[in-house]
Every structure is written in C-alpha cells, then in structure tokens.
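Have a look at this one before I ask anything.
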Amino acid sequence: MDLAIRKGTVVTAAGTFQADIGVQGAQVMLLGREVPAADRELDAAGLYVLPGGIDVHTHLGRLRPFQGVDDFRTGTRAAAAGGVTTICEYVIHPRDTSLASQVEQWLAQGREQSIVDFGLHLHIGDPRPEVLNEMPALVEAGYTSFKVFMNRNFDSRVREYLTALERAGALGALTCIHCEDESIIGHLTDNLLGQGKTDVRYFAQSRPAFSEAVATARAVAFAEATGAPVYIVHLSSAAALEVTRRARARGLPVYVETRPIYLYLTRERFDQPGKEGNKYVGYPPLRDSEDVSALWDGLRNGDIQTVATDHVGLSFAPKAEPPDFSRIPAGMSNLETLVPMLYSEGVAKGRISLPRFVELIATNPARLFGMFPRKGTIAIGSDADLVLFDPSVQVTIQAEQMHSQADYDVYEGFTVQGWPKVVLSRGQVIFQDGRVVGRPGQGQFIPRERFGGL
Amino acid sequence: MDLAIRKGTVVTAAGTFQADIGVQGAQVMLLGREVPAADRELDAAGLYVLPGGIDVHTHLGRLRPFQGVDDFRTGTRAAAAGGVTTICEYVIHPRDTSLASQVEQWLAQGREQSIVDFGLHLHIGDPRPEVLNEMPALVEAGYTSFKVFMNRNFDSRVREYLTALERAGALGALTCIHCEDESIIGHLTDNLLGQGKTDVRYFAQSRPAFSEAVATARAVAFAEATGAPVYIVHLSSAAALEVTRRARARGLPVYVETRPIYLYLTRERFDQPGKEGNKYVGYPPLRDSEDVSALWDGLRNGDIQTVATDHVGLSFAPKAEPPDFSRIPAGMSNLETLVPMLYSEGVAKGRISLPRFVELIATNPARLFGMFPRKGTIAIGSDADLVLFDPSVQVTIQAEQMHSQADYDVYEGFTVQGWPKVVLSRGQVIFQDGRVVGRPGQGQFIPRERFGGL
Amino acid sequence: MDLAIRKGTVVTAAGTFQADIGVQGAQVMLLGREVPAADRELDAAGLYVLPGGIDVHTHLGRLRPFQGVDDFRTGTRAAAAGGVTTICEYVIHPRDTSLASQVEQWLAQGREQSIVDFGLHLHIGDPRPEVLNEMPALVEAGYTSFKVFMNRNFDSRVREYLTALERAGALGALTCIHCEDESIIGHLTDNLLGQGKTDVRYFAQSRPAFSEAVATARAVAFAEATGAPVYIVHLSSAAALEVTRRARARGLPVYVETRPIYLYLTRERFDQPGKEGNKYVGYPPLRDSEDVSALWDGLRNGDIQTVATDHVGLSFAPKAEPPDFSRIPAGMSNLETLVPMLYSEGVAKGRISLPRFVELIATNPARLFGMFPRKGTIAIGSDADLVLFDPSVQVTIQAEQMHSQADYDVYEGFTVQGWPKVVLSRGQVIFQDGRVVGRPGQGQFIPRERFGGL
Amino acid sequence: MDLAIRKGTVVTAAGTFQADIGVQGAQVMLLGREVPAADRELDAAGLYVLPGGIDVHTHLGRLRPFQGVDDFRTGTRAAAAGGVTTICEYVIHPRDTSLASQVEQWLAQGREQSIVDFGLHLHIGDPRPEVLNEMPALVEAGYTSFKVFMNRNFDSRVREYLTALERAGALGALTCIHCEDESIIGHLTDNLLGQGKTDVRYFAQSRPAFSEAVATARAVAFAEATGAPVYIVHLSSAAALEVTRRARARGLPVYVETRPIYLYLTRERFDQPGKEGNKYVGYPPLRDSEDVSALWDGLRNGDIQTVATDHVGLSFAPKAEPPDFSRIPAGMSNLETLVPMLYSEGVAKGRISLPRFVELIATNPARLFGMFPRKGTIAIGSDADLVLFDPSVQVTIQAEQMHSQADYDVYEGFTVQGWPKVVLSRGQVIFQDGRVVGRPGQGQFIPRERFGGL
C-alpha cells in the first residue's frame, strides 16, 4: 500500500463512518477499521476525510477577450488550497471559430498549468451547422457538456440553439444554461443608463429576479420541447428556483446549480460608498435576504443539486474603472473558499448535513458531469482525491492570504469555521498545512462519460 | 322620444332589472318602469335586453396576404345577425409599410362596408423606429391598442418590441399579444414534418400548451419590465391561464381573452377522418377537456376578462388543400355565434351568470378598449346598441343559415338555446326576426379612449 | 315623482354615467338625461351617486355575552353617516338555545332601533340536530346565510358542522366561515402566556398567518366535500388568499371578504407603547405590509369579492384592562369609515376603479347575500338607497366626530379624501350635510333570497 | 475475517463501485479491490451488493384488535426473503393503556419471533398527560419516533396531539402522521352508505385525494406551530405531494413516505367484479394514473424520501366478508416485494437510479429513524446487513410462493426483474437461494438515536 490515512471520519454522500483508507497508486483501494501499514501514513484523527471538492464552473483559461488575472496555474493553486481537486472549465467559443480549435487551446493550457484534474465544458457561442456537426466527435472524446448563454446573442438565434440543445440531448450531453433574459436586461440597462443611473447601485435593478425567472422558464420549455436535460447555472433567486421546482415536480430533467455569493451576500453590497460595490458585480446580481433563505432551503431539501463558483480572477482596478455598471467586468475570485465557506455557513451552522454538503460539492457534480465514481466519492477504485478537513480551526478571510492573483476577496473579514489541512489529488499530496505543494501540469484532463441522470 | 323598448329585462354587468328603455337619436336617454310613448315602440316582454355584443378580435379587412371570404360587409352582417354591434378589427402591418397607410386602407373599407360600429387595433409587424414614431399621433386619433405576434418574426426583434410595448404603455395604449413561442413551435413543426407527420392530427402537437404558457410568461415579464399593460389574446390552455393568474395575483396589469372554440371543442376534432380536422385549425390549436374546464372556471371567477372570436371567414377548400398542417390557413368563421353560443353554453347551462355574460361580451371589452361607457352597457347617454335576446328559442347551427360567406361552421349541428330577435345599432334596427336590415356604411369608426384599467 | 336627484354622476358596478334619478316612493323609477320635476329635488352636480353601501358583517345586537357600547341605534347612526344603508348583522347562537329564539330577539332589536335596513345572518354555535332542523324554515323566512366559527368550539364538532354546511348548501344558503385554526392558536397562545409573554405585542404571534391559511384550506375542503358554497369572512393574509385563489381556480364556490383594517394598518400597531396596541386587537390580527399589498391586488383583480367591517363598538377601557392579550375583547368600531376610507385609499389613490369600488361595497354583497337587485345597485325598481358622495372634501378622522359610541377610532388622524354628503334609504334622506336625520325603527328587516352565485 | 463477499457491485446512496467486502462478526470491516481470505466466502460476481432493505412501516404484532395472519415470525420470514433486514413496527396504543406496557408486549414478541432486526415506533392513541409523561424515558430508551392517526379519534383531541407533537420535537423524536381528514371521510362515507353505495367501487370516493391533501396541510401547519419535524406516512396523491413540496420549499421539516401500492396500482382495481376489489383496500385508497406519475417524479427528484409497506398480513376471506366498504379491514401483505418491485419498476425501467433506490429503501429510512450508520449503508463499522441482489432473474409473483401467511398477493401475476439471492443480517445468512434460513429470535431490537435530519 502506498498510503494509509488513519483514524479519520470518512464522509460520503451516503453518510459518515470511522475508517482508515488505503491508497494504492492513484486510487482508494481499501477502507477498513484498520488497514495494513503503508509507505506513507497520514494521521486524520479529529479530521473529516472528504472526497475532493469539484467546482464545475470556472473561468481560468487566459484566452477570453476579457480575462482576469488567474490562469490554470494560479487558479488551481487556489483550488488545491481550498480542497477542490477537480474543476470543470468553460471553453469559450467566439463567433467564427470551431469548437475543436478552442478546445485545443484550453486543453493545452490546462495540461501545462493545472495542478488539479480538470474537465472541459464547451460553450457554443456560434451555433451554426458546422459547429453543431462537431458535437458528436467532441462528446465521444469526453466533452459531454455544453453551455449556452441566454443573456447574450441568444434571442436572434433561438432556433439554432434549440437544434443544438436537442443534438446535445440525443448525444447524451448535458447543456448548461445561463438564464437571464437578454432582451429584458438590455432594455432595462439602456433605460437606466439613459437616465444617467450609471452607478453600481442600479446594477441589481438592471437584471431583476423576474428576468432570471422568465429565462429559466424558457430553458425549462426548451428542455420540454427537445427532451434534452438542462442544467441551470448559478441560479440566484427564489423566483427562478420556484420555476425549476415546478419543472422538476413535473418530471422534467432540470438540474440546478447555485453559486456561493448568493448564499452569503445580499444586494445591499452594491450600495456601499465609492466603488466598493463594484467588487460584487457578477451575473446575475446579488439578491435579497428572502432569496438567500430560499436558496438554503433548496440546498437542504434537494431542489438545488450543486454549488459552483463561476470563478474569475479579477482585481479591483478593472472593476472600479468602467464608467457605468454595465461595463464592469463580471465575476470574482472565490474558488478557494468554495468548500470551507459552505462547510462553515452550511454544516457548522446546522443548515445542511455533512453528507448533503459532500453531495453538493462532490458527488452531484461528479454524477451530473460524467465523472462518477472516479470522482466525487470515497469508494474502492475511486481516485484518491481526498481532503483532510479540520473542522476545529477558524480562519478569517483575507485577500492577501488567498492563492488567487486577485487583490480582493468578496468575503474579506468573514470568519470561517473549518479548513482543509491536507489535500490529495490521485494519491499525491498537493496541499498541506497551508502550503500548496502540487505542481502545474500535475492535473490531468478528465474525459467525461455521457449524462446519466442523478 | 324616438323609440321605446318596453317590458324587457335589462341586463348589465351590474345585474338585471325590469325596465322600459327610451331612446332619443342614437342614445339611451331614459330608463324607467314606464317611459312615455315614442315614435317607435318595440315589445321586449319575455326578452332580455342586452348591451350589444362587442367582438374585439376580428379579421375582416380584405387587405391581408391570405384573406378569407368575408369582408367588412359580410362579416358585419354576421355580427349584426348574432347580436354583435361593435367590432375591433386588427389592422395588419406588413414589413416596410407605415402604420398610417395601413390604417387608412382599413378605415376606408370599414367606413364603406361596415354595418356595425368598429374600432381598429394596430398590429405592429415591423417595429422599426419610424413606425414607433407613428404611435403618438395614432393613439391621439383613437387607435389606443396595438398588437404583437410572438409566434412570428418576434424572437429576432424582441428589443424593438420591448420599446414598442413601453411606448404603448406610456401613451396609454393597451398591447394585445399573441402568445405562442415562435422558436419552439417552429422547432417542433419542422421535426414533425421532417418525420413525415404532415397530417392535421399532428397539428396540436406542433404547438403544445407549454409553448403557449412560456410565451405568456414572457409577455408577463415584458409587462413587468416596461410597466405597460398587456392583453393576452385567445388564451387556450390551463397552463397559460395559470401563468396569467399568478401575474394578476402579483398585481401586474395583465388581461386575458379567450376564444369561443376553446370553450366548446377539444383536440379530438383534429383526429376526424379525411380533411375534416383541418376545419378546426387556428392558432393556438384546440386543447384538452381539462383546459376547457379550466377556461370555464376562469370565465366564472374573473381570471378571464373577455371572449372574442378571431373571426376569419374561411371556407373549407383552402383549408383542405395544403400538403401539411403547417400550411393550413389559420382561423375560422365564428362571429355570428359569439353571443348566442356563450349564452347557451354558459348562462343556460348554469356555468356563468347573466351579468357575468354581459361583462364578458360587452362591458369588459368596452372598458379595456376605451369605448366605455359609450359602448358596453345600457346606461343613460350610452349608444343605443341593444340586443333583444330571446332565451326561449332553440336554433340548430347550420352553415348555410349563417351570414358569413364561409361554407362551413365549426359548430354545425350544435343546438343553441337563445338567439337575438332584434338588434339595434345607435338606435337603428339592424337585425330583426332573422333578417339583417342594417346597411353597409351605416357602421361608424369609433375612436377609442386611452386605457384606464378595469 | 317624489324626488329627483339631478346632474350627478351615477356609479354602478357596470360603470359610470351622467343622469338624473327619479324616485317614486321607495324606489328608483327613472333614470334619464333629464327627468321631470319632482316634489323634492336634490342637486348632485359634482357628486357621485352611489348605491348605498352594504356592510355584511356587523355586531350591533346588545345580546351577546361580551357586548360593546353600540347597539342598532348608535351603530346604524354611524352606518347612515358613512353611507351604509344596509347591514347584515350576525345573530349569535349560544349553546343550548334555538336559532329561532335568537333570531326573534335580534329581529326585535333591529326593528325597534335600526335606522338602516338590515338582514340577519344566523350563527350556528351549537350544531345539534334540533338546531339543524330549524334551518329550512329560517331559510324560507329569508335568513339565507349561516355562520361558523372555526376558531372556537369547532374542532370537537366538525362532523356536525359538516352536516350543517351540507344542509345549508342544499337549502340554498351561503355559509360564512371565520377561518382561524382553533387548536393551533390555542396552543400558541398558551405557550406564549406560559412564557409570561402576555403583552399585546405577542398577539399577532399567537394567531399567525399560517393558522389562518390552514383553516381556510379546511374550509375549502369542507366546501368540496359538501358541495356547499362558502364565504370566508375577514380574510387577512396573503397566505390565506393564495388558498382561496387556488380553490377558485379549480372552480370551487369559495368567496372572500376582507376587512378594512387589513387594508390600512399593519402589525407594527401592536408594538406601540403602553396599552395603545390593544386598540387594534381583532381576530385575525393585523398582518405585514406584504399582506396588505396582496389584499389590494386581490381587490383589484377580483380574488376578493367584498369588504365588510366586523364592526363592534368597543371603547378603550375594556380593551386596555385585561391582564393578557388573549382576553382583550376582539373587534373595533369602523362602520362609519367603511365607504369613505375605501374610496379614499382605493379609488382616489388609483388602486381600484370606481365601478370596482361599488361592486365591493354594494353589488357583490347584495348579490352574494340574496338582496339583489333590490339592494346593491342603482337600477329601475331598486330601492332608492343612495349616497351622494362628495369626492372633493377632505376629512380628518377624529373619534369624537364619529357616530359610534366607541371612544376611539383606529384611523384617528387619517385624512380621508371624499365623504358622503347626502344618504337616502328607500327614498328618505337619513343623513345630510353632517347630520343623521334618519330615525331608529325606520330601517326594515330584509328577508333575503337564496344564494345564486355571483 | 469471518466472511468475504467477492466481486460484487457495491451500491450505496452515494454510488456504485466494484469491491470485495470483509465482514468480521456482525460488521463490515473491510472494503477493498481484493480482501484477504476469510472463513466463509460468498461469490457476488454479477450481483449487486445492497445494504439490507429497511421497511419502516409494518404491522406484525399480534396484539391489535384486528390482527392479520402474519406475526413477527411469518412477517419477518417474508422480510428476509425479500431483502429487508430491518423493520420498524408500530406499537399500537389503545385508549386507557400506557405506552410502556404496550411497548413491553411488542418488544417481547419481536425478541422472541423476529428473524430480522427491528425498531419500534410508538403510536399515541390516547394523548392524555400521563401518556405524554412517558415520552422522555421511552425516547431515552431508543423509541425515537411516534405515530399519530389523523383519520380517527383525532379531531376532538387536536390540542393534546399538538402538545404530544411539540414534546416529541423537543425530545428529538420524529412524529409519523397518517394524513386523512377524519371528519371529511366520515361524512362522505356516511353519505355513501346512506345512499346504499356500499360496494367497494365507492371506496375511493369516500376518501378522496382532497381529504388527504387537507390533512397533510394540517400536519404541515402543526409542524410549523410546534417546530417539530413530521413524517407523512404512505402519501398517495399528487395533491398531497404538492402540499409537502410547498412546505419543504419553505424550509419546514417535513418528510414524505410513499407506499408500493400507490406506485404500481390505480383505483380501477376497485371496479373489478365480485369482491376482487376488496383485496386492494388500504388507507388511503388507490388513486389515479396522474397520481402514480407524480409519485414517481417525487421519488426521482427527492420530494419523497422513503418507500415503506404498511404491511398487514390479511387473507381474502376477512376482506371479502364485510357488508360495506367501510368495514373492510385495511391493509395487505406486501413486505416481501418491497425491494424487488421497486428495483424492477424503478431501476430496471429507468425511472430511478440505483443509488436513489438504495437511498429510498435503506439510507433515508435509517437516517430519518436514527439507525444510521449502523443500518442503511455499506460502510466500515456498519452492520453487515447485506443483500446480494441478482438483477438478471425474472420472477412472476404468485401468492403461494410468498412467505407471508396471507393467501393472496396484490401483485399476483406481475413479472419482476431482479430478486435477492442471498441476504445477510449482521453477517449471518438469513436467506439464500430461495430459502429462509434465519431463525425467529435471531433479530435484535434496535434502540434508535434521536432525529438528526437528512
């Protein structure tokens, strides 16, 4: 045995149990009350042993028009330090490019730089027939999820997107949809700007919950029209959640992701003095406390299946500069805090159970995106992507101590209960006692299986 | 006094009462237990005296690309014969035309041919800035309602339509919206046709209730985004009704029209042998019995505010010819039966009360479309548009006895309880004892007031 | 003609029109642009002429265990002064009494003291077989509505009440139900008091919206089980309204009354210093601003059909004395303000239209409770119960100027736009220019017709 | 190692994996790709290894007024043969008895006769203070769940039951509630019988879905009033499911069990000729196909958390005898088929996934009822309650081959895909290749932990 992890409390989506873990090569090979001696031993007494976190929503590739300061290197340092051992990165697809060529670039960067394993979702930014014809080979090659933005360049190409969605479903791929109504938010934004309301305190007003809810209703109708499963990314509001709840109650294959910021912050952040509010700009905007409460209920009762970050490594300067709220680059750094914040605010505060927590940040992402049981659980034959999580430490978030290159953190000053102590990727320690020891390039590309439901 | 109508049971939206009616010129000038002798006397003993029916959804102008056999002359003969004394006709607006020029043509036809009074709604088929700039003057001139089709040429021009809707709201106009999702029905239709499913029995499948419901949800969101009131035309399904009910419960200015065929017929009609099913093709399609039942509940409890026909005078031949269901001309003749069918199936069968019946076919249409109190009620100063309705006669519907030029009737063979005996338009008898005596050109154009809610 | 009312704007549920009104004896006999000279003339120029208000929820009989300071005499003075020309009073039925004997006492008091016309609802406080056997004769005699309290002595007698409800439905009577869950509010109240939380600021907590909503859900289920129509009295919360909306959407015969205080006040009133909060105690308690907003939406869109006061003439002393919130006598004086407050807050502020206002305070109450068309509208043959309402005056509410004997008013200090100038009951002036001139005993008992829906 | 189970596909709620299992004594001690040789070896190649099924709803104690033919001995033979290794039996509590004395009798029978492990829920049939005072000691002793029937002797004792529920919540116990409205079903039943409608084809009508839905709404309100978690037993209808869905969406601690018969059968069964329909009588009755479909959606999306049988071993004779439907003994034998039917109709037909299946019949029951992780999963330290399940066999259900003493089976003639091959209870084989080899008395009483959510 290469490695034994002893006396930890193993946590899976099915529950917790005391066990030693034996790792051989990259995989968990033994679980037992006591396992034989191994070449390397880790003491997990007093710690939870969790499956590595999976963040299925990142933007690290330095290839987009408006990129941030993080790349796969720095972004996955943050991941590793926060207990995330797999990411799914969105390959962005600009007009007039092929999917394959975009994939190639992302794949090259990931392979060269990534410290943790990574899958790639394929954005479809230009759903012309040639592009759709690329889909079968790409699905075959393990790119089993696509992405559609309803908030841009969508309304004039709905028919093409319906074809894409139907094709994805038929191929066994899951389609991730950003649900905000392009036309409504465009209309409201132009109205506000036209009235001179350029400050970030008008931002939330420009993209109201009802614009998210109606876009979500359309995504649900598209699923019904095509028979294809859809995955709503970063759902933020009670109104949109109600739409998905009704869809799921009718048996439609609709899945829901939320995003950490919607669980911990509210729109009052936009009202802070100066440019401070700009820091919190992402799409959709922060919502009200009623929405926050509805999302927690959804995490607890199963209406929401995953939490993922939409991490973009953005510093304050580019967010503070723009002349109006509509031009503030969207997104923020929050990959490193995904796992500890959800543990602290969710489990430690009694809102969700430990198994549910693991389900949200590991098991469900792995299952929905075709990486299960290789990823997402602690089981015989699974990759030894493991987090030895210390529930007893307290950490106060400070941007300078985070591994992202971004110079601010939206949770600055939050005190978090619990933090990863050791993180392993396929049996190798990549983070220990505050230091990232994994190397860029150590992360592997994960070709993913076809969608098989939850 | 020019005319006295004696001993009838007057029915308004507020209730019923026994009274004589005195008419001076075009207007009701006296209501009393007994009114003085007049030049002309009508005996209404045993009859209901109703305000003239108002059909706010007709297509009679012979100016459309695919016109039917009726024009204002024959169409309003049918109206008069059925107790409809006012219609609101849709002026169709093809691409690259001005609203004003279209209005002119419709107005000319109406003035020349119409037997009953008429208002004109303005379709916006090409919402370019020049067209939107025509709106203020047209609203000022009494064209206080517009029409948007979401089922064609919509998805690529949503932003322009949002501007149009907002403009309409600001001008005090009501916007009528045909709610079916263009992209979804296009997608499903192409799929069905591609599978060789061209028969009319696939028609309903090509435009499912969920495509109506999601379009309705968008219309509601557009109302919320613009603050403009919207009027959903010919709502046909329980699912779409549920959308409007929730919107109205939240206080949004959303109004609902249904159409006779959805109250009396179900989709099984499309399964009849041969081309028989083609007769019933309209947009949206006939639905299920659960939908019928939900619509009746909506008529009774106030969730639906109007019933209107979408009358198009189409004969069987052009409906039977097309090679596939998607090319069957949509619409059918049903103006003449609007009032008696709703009385018979609604009031006589105990589903709705007499005042509610009058509200649906007269008062609400008049109020929503700025013709009240001139039209839509029996009150001092109102136009003497009156129907002496005999609840005791039974009529079996036969196409050849209908006044439309269409050669079939969707209710062929239905036995109806109650029929108009005398119909007056502004104090003039236009129909009496089975004969239309009104003359083309007798109908006036009704400039309408701005929208003032219900 | 005995009386002519000239140049007013007549308002009915169907709309408004300019007309003179001719009254002969007790009835409206003529409506016209100009009516012949009469013995008495009233100038209504600049005034609205409304059908007299109908308050279908009063407690004036001085026969209850815990009576207030008003009786039919003082209570109907307040009514007359506020434009209410008909009340429906609840005959209270204590255990071990017969309905008939109770009716007799109430009837005697009403006939002797009432200034305005009155009907009597029959509370069933003891639904034993002998009592239920009294129902047919009483319905026949014009007592066509019954009342059930779910908040007391109910849970142990549900079967008997189901029988009563079914009987009422079969007889053509409407059953009014007070919907609060007896057991839940008892449980919560005892818990609070047990914790020493006796102050009125805990009152709302003792009777939460969910206890109203679940009782309303039971009332709906009882309607479904028995086929009998039900009328939910003084509905106060968005949650309960949602229950009735769903019931009505399913076609169930469920009708909804709300009460003025829920439209103008919120639960913060209970947090005022000293015993001030006790003034506002009624069942159910005041709710939140979200509830207020939902009720206004319901008034506008038709989900709520009536507004009635539950008037009890209570002075401050008996409300201030009790040692804990559960013993504060429930109810308050608010009959006089019913009509002007709803006009001011509703019509003048643009929340509801004039016809809707008349529908809520006159037409619907009359129709639901079998007094239409005698009461509730202005039509030929209707009782000349008329309010000449001056929309231009402003009145600041002060308890000492109100006609109730109660020494405080819950709207003290509110400024109201519009107030009755002249009020007529069956053609007789009973209030004019600030003075009640009607005499006790002038009001008649109104035997009511069986329930016929809306 | 005492036992090695080799080459099976281990299934837990978190997923599936290939592993050998090592059992030492009563517990799973090792999971590995290959485990060391053991005293006994079982070959699981081609089989699923599932955690033993848990049926949390049985009636086997021969102590009730109307007992069936099964006792712990025959009932747990059926359990073992069907892959159920733990049951939770309801101790019935008649009026005027103590809980403790009832527990003692049930415990004695279980210990003497049960082949599989068992927990005991405590029915509270007489919630007087002395009984409620027994609760703390019983919870302490491992009886951490209680049962309330809303369908009998409830409406007159709601306050006492609210106290019991609150007490249970405070003690950390979960309260199971039978949700049917006692008064409504009593009323409807008496009406039907009074009309001579005694045949079983009127049975479903006597207990309609709305009577279940409103009772469920009350149970939800009771949870809200007391803060105590509630568990809705054998939920059968879409309407009731909608009530629980809304409650859970609001964050209330409401959990839902359904029952096999509602997933596989519809009310048409009651219309069979002769007394055949009587076989299917249980409370609530079978519902419509729309309900069946809604329940499956609920199993899939997480709105329903458990499936349990409500097994009562009843033969045909006592069900066929009664003179009317209301006296047919409720319940039926269906314990043995719980696991294979849900696998066959659920997993094999693609309606639910394998992990979800395990969650429903093992993990969730164990977690909700305080037996986790000892029961309900396959993990280190868990009891070796294991089912080697052969998905390849087909079995046609025949009553005579079932182990219940009942002489008929509601699924007679159904062909089931998959059946247990070997069943182990705490490491001991109790069923193998068609033969029950476990001995009465081998089953142990399981004291259960306090409720800790899911």
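By letter and in written order, the chains are A, B, C and D; residue numbering begins at 1 in each of them.
One rule holds in what follows: a contact is a pair of C-beta atoms (placed from the backbone, for glycine too) under 8 Å apart; a residue touches a chain by one contact, two chains touch by 3 or more.
Computed from a predicted model, the values in this text were never measured in an experiment.
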Kindly list the shared contact partners of chain A and chain B, in label order.
-> none
Name the chain whose C-alpha centroid is farthest from the C-alpha centroid of chain D.
-> B
Please work out the Cα centroid separation of chain C and chain D, and write it as a whole number of Å.
-> 51
Quick one: report the Å distance separating chain B from chain D, using the average Cα coordinate of each chain.
-> 56
Whole-Å gap separating chain A and chain D, where each centre is the average of the chain's CA atoms | 38
Touching pairs among all chains present in the structure = A-B, A-D, B-C, C-D
List of chain A residues in touch with chain D within their complex = 10, 12-19, 22, 24, 29-33, 241-242, 245, 248-251, 293-294, 296-298, 300-303, 353, 355-356, 358-359, 363, 367, 372-373, 376-377, 379-382, 452-454
Quick one: in the complex, what on chain C touches chain D?
-> 155-156, 158-159, 162-163, 166, 181-184, 186-188, 208, 210-211, 213-214, 217-218, 220-222, 224-226
